[in-house]
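Read from first to last, the chains carry the letters A, B and C; within each, the first residue is number 1.
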Amino acid sequence: MTSKKKDITELLSFNRRNFIKLAVGGAVGAGLSPLPWKLADDSAIFSQNFPWVPVPETGEFNTVKSHCTLCPGGCGIEVRRVEDRPIKIEGRTDHPVNPGGICPVGAGGLQLVYNENIRFKGPMKRIGARGAGKFEPITWEEALKELAGKMLELRNSGKADKIAAVDGNRTGSTASLMIERLLTSFGSSCYMKMPCEEDTAAEVSELVYGSKTPVTYDLENSDYILSFGCGLLEGWGSPGRLLNAWGIWNSTENKDRVTITQVESRASNTASKADKWLAARPGTETALALGIACVIITEGLYNSEFIDNKTAGIKEFKELVLAEYTPDKVSEITGIKAEDIKSVARAYAKAKSPVAVCGKGKGLLNGDVSEYAAVQALNALTGSINRPGGVLVNNPLPLSPLPGLKLDSIAEKSLKKSIFDDQSAKCSNARFATLTKKILADENIVEILLVFAANPAYTLPDGGDFNQSLTKLPYTVSFSPYMDETALMADLILPDHTYLEKMDDVPAPSSIQYNFYGITQPAMKPLYDTKNSGDVLIELAGMLGGTVGASFPWKGYEEVLKTRARGIFESGKGTTLFDTSASPWDMIKNNTKVTPAYTDFNSMWVTLKNGGMWYNPTSNIMQDDKLFATKSGRFEFNCSCLTPAKQHREKSEDSHSLTLMPYEIINLSSGWIPTPPYLYKTIFASQLLKNDSFIEINPETAEKHELKEGDRVTVSSEKGSVEARVHIFEGAMPEFVFMPMGFGHTAFDDFVKGKGCNPNSLIDGCNDTAWWNTPVRIN
Amino acid sequence: MINQGHTSGNSSGDGWFSSLIHSVLSYYSNLISNPFKSGLAYFIIGMVPMLIIGWLVLPSVLYSEQQQPLNFNHALHMESDVVAGLKDYTEAEKCLYCHSFREDGSFTGIPRTETCAKCHKYTEYPLGETAEEELLMKEYISKGKEVPWLAYYRQPDCVYFPHIAHVKMGKLECTVCHGAHGKSYTLPVYEKNRISTYSRNIWGKNIAGHKTNTWDRMKMDDCAECHTEKGHEENNACFVCHK
Amino acid sequence: MEKTETHHGHKYGMVIDLDKCTGCGTCMVACASENNVTVRSDETDKERSITWMKLYKIDNGKPFPETEVCYFPRPCMHCDEDGHGGHHSPCVSVCPATATKLDHNTGIVSQIYTRCVGCRYCQAACPYHARYFNWWDGYSFLQPYSEGMERALSPEVSPRMRGVVEKCTFCHHRLMSAKNRAYAEDRRELEEGEYITACTEACPAQAITFGDLSNHDHEVYKLSKSDRAFRLLERLNSKPKVYYLSSKEWVKKFADNYTPDQIQPATKKEI
């Protein structure tokens, strides 16, 4: 018994050795089964495809043709989609403005639409402090009711003039007209256009040509381009067009034919890439232009036929430049060698179709009247006006006017009150200065402010004054789809669609030398509960009722666009088809006639509506008799406006001895549009490092001020101060501080917020058009 | 016991071979005759459950089973007297009738309901009388919704597979990769690997990875094997199939 | 299956005209957008920022106002073998996982993310800094700032996971789509221009030309034989398939990375 018992215990004794045997058995068993191999394989696959790595859904690829409205350039875009999900933006090859190309901001635009951290997901009401960004969602009905209620209250208490609107839409766009119409029918003249270079251009056009029609330049046909600070490669005018033109100028067949001379104080992309770089001191461009004119006149290189028959005031002009602007004198003023001035003048005048262009940087800020007038004088000297390769002045777009603006007695009475005097009424910068000053002085002049497609709190070069004035306004309404600086200060948000989600129009893109009208069509369904501001305006007017409502008789924004487009059809000119083999500039040069491809309005409208465009490259150039609408009926060398720009302010030796020169780059959005995150990949580490942006200064200046590469400094002007790092750059003019524009946002998300500094907070450019002329000091 | 065997083998000089045989035999007879004492039992107790787990339990645990939202009778839809327009079509063309190529050469894969609706047009007359057809009409076609089909043969995201290169240019029959899927009356259960998240059809029906037919498995080596066989060694370059 | 293809290998390559390049950066953005390249909140950390196509800025170092700036767009050079069995593309020869290979039929150097083990040896071997390591997942709960952005992802390129190296692929998926289109039209061979990279397509100044360097009818072949043509770090004999064109001597000198104390062989004969 006992032995048996012992046997069993011994048998079952689970000692170390048996345990090992069990384990080995298990291992062998497992090894002979697929278990370890299969699990290892599957785990390897798991590690290759972590479940949180997204798998983008696939489907049918298609494209939607439309226009980019991130800047006033009017480039054609093709939105590439999977089913109805946009995945990429590409340039449109069948488009006259930018055949195939696109600018970096346009290429990255999708991130502005999809980045939910910078977008309003529906109408909002402010609940926190101003600028804190705390909002609560409300319905569209509630929001519009609240706004209409406040507006009616204002109107009924006789304060109809106390509503103001800031509008960043392009001049002449339908949205812009409707905003102005709402204000007018309501009874307010406080319609504030965001400042832009075109204001100055229009002012000068009136002085020298006698008409306000914007001047355009037929650069593609020109063989000598004398650019006064235009950032041809920095986003000037229509970036898609200019960059494309640059490729054409530098193609093998054109390389020796076309000369580009850039007048600029910094080795920008344009200055570096130009054939000739004239580094004139900022603010002395007028003198340089007149110096060149002096050489042309002295050496008899001007186009005497044009001068004799088409211009007036040449005698006074001659006297002025010969007396005041000899090459030696100009050399002293501008810092350019007299020899260089002479050689450029000769090359310019002897070229077949030279053209002089102006508008600093991207051409988005007001310029200097005297400079513009002097540049136009250069064009007149060579007879480069209204001919291919020169200045072209087109007839305005043949759009139908919007009918039926109705004013009641309240509006008529109230419209007579204006806060602007004659002087400040002219220029948008001055208007903003007046408005801001009055608000800050606690004059109760604006009770409701509507902001459309603009971010004045960030973009106005006023040292932050407008932003300050927003805290004093009782009720601000933002129509921005983005949580920008201005929107964060608003009381009510009525978010618009982003540009890829909405229908809108693109009238006469910046600098395009022929009539052009495009329509953007939605490339996707709206992602959030947003509404086209055009539709919202119509709805709002309806709620206001009376003559305001009657002034907006349309069912929706699309109907308004259609109403305007009828004029294009009725003009019987132009075409909606782009023939890729014939560029518009070739058509201008060869005076090719185009015939409309449509026979009835509806078929034209259908083409337009689907992201189409209408353009008329020929036969619409203003005839000389109509163009020169001055008193003399000729081009006027208006000497009275040629007094050179304000000279540099008096600099005291110890403080503010340097001058701030803001500059624009193509890799950052301008205006109210935030920069898409992808663009930060293109920013060099010498432009932005972590959250510091860089100022560029010449090595000589750096040495004088004991600054080293990468030093963190405070740049201060009378208006304020910002922190930046120092980048020592040979291409920067000595004694100047070059600061990039487009950084220094205090709104948006981690990608954009708090990166770098904004030169606008140093400039007092609203009082003084010379935004490139701010004395600063560095500590 | 093992030690004993070894000592006897070592002690004898000339009869070392027979003594080795002897000791090995006695070792094994000892092992078998007294399994517990020898430890063989423990070895087997360890091995057998692991074999069971590996061969039988693993497949049922590793894969999650999902039913298709509704059944689809492939065999029926391949009949030319059921689907007008399939007449005189080759087998591949019959498949392509619904699983078609787009103009850009891309493959539509599982058809959308709009393809179904080409025939299944009217709610009151769904062509047949099965419950599936009624469901298709009521839940999907009339509501304009897509059927959330589970794709048996979808390759992982890192793989690029152009059907047109294989079917149109390479003239491969659909069955080479998809087997008799087109002859099935009911849709099989969709099995998804819980770890890799891939469909069992792609990563091999057989748990041990054995394959007898070309369509049994569609891993990288299977693609490469076929490319090599057909004389397209150049298509084994990485980027041809990976994206 | 009969073999109807006449297999003369292609050698896809790129010519970038630096005289035309304006330094706008559209190529970089178009590339990132096309290839699902991730973006971080701090892109100024250039060692972490992933840019398959990267723009370099150089200047001639002359004092104001003689200063000139030039930009170098730099994709992957898709280095070739020397053809005599001497050496391979620098990255291919070091990869321990066969995750990167040179395809002799296209001349394109592939990078397979699911095969990459993340050792970064290739990154060290690449003389052009064209390879990038994913230190983070681009899209995950750890990256709250990219919310909603994954909606822009293209299904044509698989998004990368952390821990792998990635680089320019000459938009290989575009070659596959172009082939598909050709197959749909019953063609086997592609026409010039049917397959171009995203950067080529997007460049607003048409500074980039893309095509088959082995096809003498292609524009890239002709341009690569131009007097203005040169390649980066040519003395390494890595045989890049990206050519640059410049009419400026100082730009060409930069291309071989001579340090100030080194002497250019073309001018001084000692080296």
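To be clear about the criterion, a contact is a pair of C-beta atoms (placed from the backbone, for glycine too) under 8 Å apart; a residue touches a chain by one contact, two chains touch by 3 or more.
This structure is a prediction, so every number in the text was calculated from the model and none was measured.
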Graph class of chain-chain contacts, one of line, ring, star, complete, other: complete
Taking each chain's C-alpha mean as its centre, the one farthest from chain A: B
Inter-centroid spacing, chain C versus chain A (mean Cα positions, whole Å): 31
Cα-centroid distance, chain A relative to chain B, in whole angstrom: 56
Centre-of-Cα separation between chain C and chain B, whole angstrom: 39
Shared interface positions of chain C, touching two or more other chains: 113-114, 158-159
Contacts with two or more other chains, residues of chain B listed in rising order: 102, 104, 106, 156-158
Interface hub residues of chain A, defined as touching at least two other chains: 48-49, 55-56
Complex interface listing, chain A residues touching chain B: 10-12, 17-19, 21-30, 32-35, 37-39, 41-43, 45-46, 48-49, 51, 55-56, 60-61
Sites on chain C touched by chain B in the complex: 1, 3, 7, 101, 103-106, 108, 110, 112-115, 156-159, 169, 172-173, 176-177, 179-184, 188
Touching residues on chain B, where the partner in the complex is chain C: 101-106, 156-158, 160, 162, 164-165, 168-172, 230-232, 234, 237-240, 242-243
Interface residues, chain A side, partner chain C - complex: 48-50, 52-59, 82, 85-91, 98, 100-104, 107-108, 110-111, 114-117, 233, 239-240, 243-244, 246-247, 250-251, 255, 267, 269, 272-273, 277, 279, 666-667, 676-686, 688-690, 698-700, 729-734, 749-751
Chain A-facing residues of chain C, complex: 17, 19-20, 22-26, 28-30, 32-34, 36, 39, 41-46, 49-51, 55, 57, 59, 61-65, 67-71, 113-114, 137, 139-141, 145-155, 158-162, 201-207, 247
